[in-house]
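The structure follows.
Residue numbering begins at 1 within each chain, and the chains themselves are lettered A, B and C in the order written.
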Amino acid sequence: MRRAEHHSRALQTVVAAVVVAALAFAIALATFLPANQDTLRVNLNSIGTSAAEGLTLARGDDESRLTRNFYDVELELLRDDLDHVVANLGHARPLPELRGRFAEATALAGSASRALRALAVPGAPAESVVAGQATLVSITSRVDSLKQELER
Amino acid sequence: MSAFLQIFLGILTAMGGFVEVGELVFSVGAGAKFGYSLLWVVALGTLGIILFGEMAGRVAAVTKQPIFDWVRERAGFRMGLGTLLAANLVSLLTCAAEIGGISIVLRMMSGWPYRLLAILTFLALLAIVWFFAFKWIERFFGLLGLLMTVFVIAAIRLHPDWHAVGAGFVPQVPTLESPKDYLVYAYFAVSLLSSIMLPYETYFYASGAIEDGWQPHEVPMNRIVVTMGFVLGSALAVGLVIVGGQLLKPLGIDPQWPGAAALGPAFTMGRAGLIVALLGMLFAFGGAAVENALTGAYNTAQFLGWPWGKWRKPAGAPRFALAWIVMLTLAVLIILAGVNPIQVVEYSIVFSVLILPLTYLPLLMAAGDRRIMGAYVNNGPTKIAGWFFLALVTLAGLFALPLLVVTRGGKL
Amino acid sequence: MKPADLRQRPPFFDVVRMLMDHQLLDADYVECGKVDDVEIEITDDGTLRATAIFTGPGAAFEHLPGWLAAIAKKFFGKRSKRIPWPEIAIIESRIKLRSTSEALGLDPADRSAARWISKLPGAR
């Protein structure tokens, strides 16, 4: 066998082994283990960043820095992300001590999605836009608190 | 065309073609999560792609043989087939991600339905590659991709702490809040490196050198183009990291979609900045989509010995033409199936770094073989640097997939 | 390629390094496959002589494990073409043949694909 075939075979074996091991680990993680702090943390991050970006988009729209299409599409993508979070948390089987936090995270995601929907209405009354922004501010704050509680 | 103009256009094309959707997402994400502390990875990756890009061009100019010719010759049919399938799968995923990225950007500009835009993108790319010569395809996307410079302007206008930016170029592991954050840092380091040193870039560069008919005496010109083009291109990546660190991080935004990056130009230059940013992304992603589709065709034709090359009309290399059409078609079908293109990007980046050693090894061996390269063989420093980067990407490859799984794609 | 580009040939002929998996070029310098196998015979005085090369999926797939070769041949065919040794003009990093690929019956897939692709606008 050529020397390069030896090298190639060794490299390909290593690559294949890494792929198989990682896939097996990922499948085990997803299928057999109950949803734990990491799952909650990932979804809280998603809620927090979607809310934060929603606020930034609203500010950008206020200041006429964005085009209408960009604003609408970005808000829609963020709402889709939040809807996925609600679905993920809904399907999760959390550890008993985390059930309350999972439930609260689901509620926060739903609330953020509704707030983003209010921001997306063209020509919406100023009060509903302000209310939507206030909701998002309180959500980002609560998400930060929940994440800090998880660290303790 | 004068040599100066050729070099100038080459540099601009290389610069404009540097960023694609994966690099954009990971650069902005790295900044948003870790500030400037991953800039050293941008520099390291740029050095690596300059090294192997130059090597790929030099081997092609001297031997007139592209990379998969070497893979087949050195590793044989059985072992080489594994590399071919892996490389083409990664190119397919990357192509799909770029088409998805283009569709998202077009939706942001027009408001039209996503799937319709994906089909229109597919048809437009098909027509461009079918009707235009290689040189014009390169220049079209490369030069219009220079609109991405708007991110550099946005970065400057955000008034970052330049000392902190400079400090980011020193290899480091910053002090982070929790042990899990270090895993996410490692994931972003590996992914950022991979997104800059994507394997298709060397395959495409070598094939392009043969398409353009490079001769050995043009090797020094190649060196200038690659070095300056990729260094300037990396400035675009640095600009994206600064947008992430200076604008998005303080706002608590962890960018999930390419649109978040465009907030940088929007908040510093208003609607005009936003539109230029979206156009820049459009052409940057478009160029990458075309390059990946062609790479799949190049690799297959070169491995199996078919006639290949855009310098031939489709009737002169029909299976090669069918191959890139199949690549584009499969890529758009992946997007039409509803797969999230940003997730596709993450997987393609991680699998890219896994196959980088399979790409670089035959290239390094060919470029270091005096019998075939003659006076153009790798010199001592190049050999050492080449083996260093091969070891680095192998190490990165070992950790990439476990880090993807453990950090839930960097979202932990 | 210039005569100066040709390397000094070593005193022995390494079939694996110098032939196997190398690119075939026909008389018009058009790619027409790879060297997928080599036919060697033992002469009366005990020396080995290369008498032909093989190209085509049938020959290439023989290098795969049995089960994979069987599946590959089912999907991609088992055609393989024998090219007699006198057809070889130059052995370098690429193997140049004396005749065109059409005359040798190589790459029929390319020719049939070319027939219908050339009907599309911009194909020629």
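Please note the rule applied: a contact is a pair of C-beta atoms (placed from the backbone, for glycine too) under 8 Å apart; a residue touches a chain by one contact, two chains touch by 3 or more.
Computed from a predicted structure; not experimentally measured.
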item: Chain-level touch network, classified as line, ring, star, complete or other; value: line
item: More contacts between chains, A-B or B-C; value: A-B
item: Maximum centroid distance from chain C, chain identifier (CA atoms); value: A
item: Interchain centroid distance [CA atoms averaged], chain A/chain C, Å; value: 54
item: Centre-to-centre distance between chain C and chain B (centres being mean Cα positions), rounded to whole Å; value: 34
item: For chain A paired with chain B, centre-to-centre distance based on mean C-alpha positions, whole Å; value: 26
item: Junction residues of chain A, two or more chains touched; value: 2
item: Where chain B touches two or more other chains at once, by residue number; value: 76, 78, 80
item: Chain C: positions in contact with at least two other chains; value: none
item: Complex contacts: residues of chain B adjacent to chain A; value: 74-76, 78-80, 82-83, 86, 104, 107-111, 177-178, 180, 251-257, 259-260, 262-263, 266-267, 270-271, 274-275, 278, 354-355, 357-358, 361-362, 365, 394, 397-398, 401-402, 404-405, 408, 411-412
item: Of all residues in chain B, those that touch chain C in their complex; value: 63-65, 69, 72-73, 76-78, 80-81, 130-131, 301, 304-308, 313-319, 321-322, 371-372
item: Residues on chain C engaged by chain B in the complex (per definition of touch); value: 1, 7, 20-24, 30-34, 36, 55, 60, 63-64, 93-94, 107, 109-110, 113-114, 117-118, 120, 122-124
item: Contact footprint of chain B on chain A as seen in their complex; value: 2, 4-5, 7-9, 11-12, 14-15, 18-19, 21-22, 25-26, 29, 38, 41-42, 45-46, 48-50, 52-53, 55-57, 60, 64-70, 72-74, 77-78, 81, 140, 151
